[in-house]
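Order as written gives the chain letters A, B, C, D, E, F, G and H; numbering starts at 1 within each chain.
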Amino acid sequence: MFDLLGTKLPSRLLLGTAQYPSPAILADAVKASGTAVVTLSLRREMADGRAGEKFWSLIRALGVRILPNTAGCHSVKEAVITAKMAREVFGTTWIKLEVIGNHDTLQPDVFGLVEAARILCEDGFSVFPYTTDDLVVAERLLEVGCTVLMPWCAPIGSALGPVNIMALRSMRGHFPGVPLIVDAGLGRPSHAATVMELGFDAVLLNTAVARAADPVGMARAFGKAVDAGREAFGSGMLEPRDVAVPSTPTIGRAVF
Amino acid sequence: MFDLLGTKLPSRLLLGTAQYPSPAILADAVKASGTAVVTLSLRREMADGRAGEKFWSLIRALGVRILPNTAGCHSVKEAVITAKMAREVFGTTWIKLEVIGNHDTLQPDVFGLVEAARILCEDGFSVFPYTTDDLVVAERLLEVGCTVLMPWCAPIGSALGPVNIMALRSMRGHFPGVPLIVDAGLGRPSHAATVMELGFDAVLLNTAVARAADPVGMARAFGKAVDAGREAFGSGMLEPRDVAVPSTPTIGRAVF
Amino acid sequence: MFDLLGTKLPSRLLLGTAQYPSPAILADAVKASGTAVVTLSLRREMADGRAGEKFWSLIRALGVRILPNTAGCHSVKEAVITAKMAREVFGTTWIKLEVIGNHDTLQPDVFGLVEAARILCEDGFSVFPYTTDDLVVAERLLEVGCTVLMPWCAPIGSALGPVNIMALRSMRGHFPGVPLIVDAGLGRPSHAATVMELGFDAVLLNTAVARAADPVGMARAFGKAVDAGREAFGSGMLEPRDVAVPSTPTIGRAVF
Amino acid sequence: MFDLLGTKLPSRLLLGTAQYPSPAILADAVKASGTAVVTLSLRREMADGRAGEKFWSLIRALGVRILPNTAGCHSVKEAVITAKMAREVFGTTWIKLEVIGNHDTLQPDVFGLVEAARILCEDGFSVFPYTTDDLVVAERLLEVGCTVLMPWCAPIGSALGPVNIMALRSMRGHFPGVPLIVDAGLGRPSHAATVMELGFDAVLLNTAVARAADPVGMARAFGKAVDAGREAFGSGMLEPRDVAVPSTPTIGRAVF
Amino acid sequence: MKLMVNGEAHEVAASTLAELLAALDYEGDWLATAVNSDLVHRANRAEFRLSDGDRIEILSPMQGG
Amino acid sequence: MKLMVNGEAHEVAASTLAELLAALDYEGDWLATAVNSDLVHRANRAEFRLSDGDRIEILSPMQGG
Amino acid sequence: MKLMVNGEAHEVAASTLAELLAALDYEGDWLATAVNSDLVHRANRAEFRLSDGDRIEILSPMQGG
Amino acid sequence: MKLMVNGEAHEVAASTLAELLAALDYEGDWLATAVNSDLVHRANRAEFRLSDGDRIEILSPMQGG
């Protein structure tokens, strides 16, 4: 089991709920992935439209843990109020904190992020900050009270996979005791396996599954890849070697 | 099910049997991996030593399909006689054909490989040639009667993973109908997932599992990664994108 | 000529002055590289030792422009006073601003960096901030008055070369009008050529030259590589293509 | 000077002559690149058209060494007769031997290549075989009399640059005494510098220069990059390091 | 009274936030409300008096990544 | 006599390769000739007798990479 | 009779391959035999007559990758 | 008077920064001075009076990357 802030979870894959072809496919993908935590947002409800209610019932029926997010917030103020409203609606102190700093890359504004994290931690939230792979920013986030970090590995929705393995390894190495969840940028199960092999504790996905030709199959594939990567991390992988080494004993070879 | 030359197999992972800490661990690793095909060799039997018998009983007890190999052979003559002796011992026409051309990289001698493949195909063998990622060599192997190809992705035992993705993609693209099994060079489950995502039909491993700190756990991890990669290949993965794309709808965002 | 803040420079290579086997080799390396700007530090002078004087005379004799730095400073306060002392000694408002945030990676503390940059820009300095490839941090640095940016491409002294090409391309794309100088992490001339091909305006090196077996030859090599990369950037390079394209016209081929 | 089969050459860049916007630009590019060897082909001459004469005069006027090629040949027979006709026309025993095995990748047919090389070496040619990065094929080519090798680093015209650094390093390591010229696949000056840094003796280019927006500027850029890479190879480059190392001495730091 | 509700201008009689929600046919425990950028807890909507020009946000759960 | 010259059918009177070149207005020391896939040296063109159906290749230098 | 068995010199009385195997205590259906680089099928070992200097290989299954 | 000069304790008679530099044999226009973390310009060293416990930094150019 994966112990995330005291909660025991059967899976190290967290899933976003946006961009699926249909609510039914979203539900099936969540089940196929084996995920135990989904992330969702708050949006303006249209009068007598019941979009929110329908979606919320669908999610509740899945019996998974909710990680509300502040996706789309570009300021500390927006992020903080959104977090508070989410706490009321979802009845959880968990919040995936996004403070977006760039419209193109959707990367975090690390200045606003640290400030919003400080405010929310003081207010009793368990803040899951969507951050970069910057070690110094990570230290600040821990200083203001975060107990988990969610570094990106590439821009949101890019499907590029880990673009800076060196930085990810460095992050893992510097924060051995902190749950690290790779958030954003994964495109393929092999990407997820790669970061899990580096020792990251979990991954959070959305686009790669939701926009796949078959989101349900892709969700299942990611679920297996995350397990595979975690198990490999715990099983002691070979270091790559430059020279080839025979994989068959050379003693006792016949001579013809 | 994976249809390999008319045989239905429950797994797309093939496993080598060398270098395990003990026969028991080898057996457990084979079971944990879910593999249905193992590869083994012939070696000189010591008089009144019963090494071969013990090993052979162990393997038979696993109830998996045998793919004998000519590992360690450096000449056409050696490889051909070894193949014939293997057919008698193992009662199968399947043969993983290795004709090694370089002591350091253990890469195939493509000239000897094509010649040995021709001789063995004419003699009724189902030849699984351990070859490079050279398209022209692959065409020759098919011309002389091979119906499956086993390209390397890096030197045997290097654990480097796919060192030339372009060549592997090119190979898959040129031989859409031919079973392609990546043989040699894989070091991590993410490597296996990567080549499966490219559309390869299976992978054959040995060192990466046998030499892991925990071969059984690593075998399980590779089994999952191979499934994950195959499922992803069939589920239509996103193409990587250079620019970031929001993974959350921007309509209906609150304004504070 | 390279116009750097109004100064016309004959070279796009800036060189550090640390770690050379000898002052004579430093001097020869500077000449061989063709660089027109060197960076140096301030350190405690030992009484009646004349280390500073000797070094300073050597540098002045080279007739190159000086870019003092605050290397080794870990706080805003340290960096600011060091910058002011440098301005008095070197008689230039240029300052390469380093506020180190991590002892292992020597990466910038982006919070302290922006604060120190604000103070120094207000005090009339031309601040060359040693920063990461974070676009949002870059925007803050420009907001507080920086008119040039010096992103790293890998940790100082790592010789890894550009570890995140995507981020560097994104930085170049977002700040088309700002002089961007890659500072830290380059190990080989091909690394320097690579970032210059991406459209960066210049590179700053130290370890890769100073610690080479032959610093003078290496300095010359980097000088050429920087020129090559810049010229290529201006000459319109081919985009890589996945499929092979004949480089020889196929019309008029003889038939034998 | 670069000693190529006993000929002293002022440059380690060899240039193809195809695909330039105009003969004048070809001529200027050759001059700007500093190359001392160009490669060209034989094609059917149209009656009373004088294409061949004009082109041939242009090339002769450049005063560079000629390396005729068998570009476009797909069989041993074609390649051998083309080589013989080239020897008569160009009055040189040098021949860049191409036996193409695949229409898409334009990769060599290593079987035909070795056979054609054998025939031509016996007939007194100095054969420059366009080959893959296969060590065993390379050994065969040397056995049949080749004294120089021209491995590709990517498909012709792909501009991908070195797609398999491991294989190139292995080739350099296995044939320390043999002139190795990277032929085909280079797209940018940084690619050329990269392979020269690995210790290759020279590079041969065509598309990357001829199809650039400014072929003359690109030719100059490649010329510099090849020099830079060679000089770096001889100057002892730093090995990349995983952990960051300060590039400034930490003794004598002020404390404020 | 003129109010901005989820970015749109409304002319409503409601004097409290609770009345506004009813008037605009909003209901459900999955709704969160804010007035002028401050959270108004569900429990406080009944006595929360609105003033002319108030900006009200009424949010509910939606897909998010 | 019917000949294939550089892939095109020709009906010419020429009896030797040298005559053929002249007849078709080919000249220049930068030309290389082959008949039926065998090289014919410049020096031998004058006495090289052509037969009906011969395949002649006349090549000259061209751009190549 | 002098024989090379799996690379080692042996002086044995055996006149057939089957006798050799018995003399050297080799048995089991997992064994494969070759004499002078040619396969000798199990069924033929009894009548396969050995000659002085023959090179015999006796192989059995082993770990392989 | 007790002073910290470049991190080392000194007992000196000097009452101004200029006198301190002279006393400790520091000279040269390539030197920069700070007292208690504030820059003291060259021009002001003569009148800059030191107090017991002052921390003085005397820096000069050095190799840097």
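Heads up, the rule we're going with is that a contact is a pair of C-beta atoms (placed from the backbone, for glycine too) under 8 Å apart; a residue touches a chain by one contact, two chains touch by 3 or more.
What you see is a predicted model, and the numbers here were worked out from it, not measured in a lab.
Undergrad: Could you tell me which chains make contact with chain G and chain H both?
TA: Joint contacts: the list comes back empty.
Undergrad: Assuming a repeat means more than half of the contact pairs shared by residue number, which candidate in B-G, C-F or D-F repeats B-E?
TA: Of the listed pairs B-G, C-F or D-F, the one copying the B-E interface is C-F.
Undergrad: When the centre of a chain is set as the mean of its C-alpha atoms, what distance in Å lies between chain B and chain D?
TA: A distance of 35 Å separates the two centres.
Undergrad: Where the centres are mean C-alpha positions, what is the separation of chain B from chain C, in Å?
TA: Between these chains, centre-to-centre, one finds 47 Å.
Undergrad: Go ahead and note the Å separation of the Cα centroids belonging to chain C and chain G.
TA: Computed value for the inter-centroid distance: 72 Å.
Undergrad: Approximately how many whole Å separate the CA-defined centres of chain C and chain E?
TA: Computed from C-alpha means, the inter-chain centre distance equals 54 Å.
Undergrad: Please output the residue numbers of chain C that touch at least 2 other chains, ranges allowed.
TA: 16, 18-19, 41-44, 46, 69, 71, 77, 81-82, 104-105, 107, 155-156, 160, 166, 206-207, 210, 242, 247-249, 252, 254, 256
Undergrad: Among the residues of chain E, which ones contact at least 2 other chains?
TA: Counting only residues that touch two or more other chains, chain E contributes 6-7, 34, 37, 57, 59, 62-65.
Undergrad: Within their complex, state which residues of chain C touch chain A.
TA: 101-102, 104-105, 107-111, 114, 132, 134-137, 139-140, 154-155, 160, 163-167, 170, 174
Undergrad: If you look only at chain H, which of its residues touch chain D in the complex?
TA: My answer: residues 6-7, 34, 37, 55, 57, 59, 62-65.
Undergrad: Tell me, which parts of chain G touch chain B in their complex?
TA: Residues 6-7, 24-26, 28, 30-34, 37-39, 41-42, 57-65.
Undergrad: Name, in rising order, each residue of chain A that touches chain E in their complex.
TA: Within the complex, chain A touches chain E at residues 16-20, 26, 39-48, 50-53, 55-56, 59, 68-69, 71, 77, 81, 84-86, 88-90, 156, 206-207, 210.
Undergrad: Taking the complex as given, what residues does chain B use to touch chain A?
TA: 16, 18-19, 41-44, 69, 71-72, 77-78, 81-82, 104-107, 155-161, 184, 187-191, 193-194, 197, 206-208, 210-218, 220-225, 227-229, 231-232, 234-254, 256
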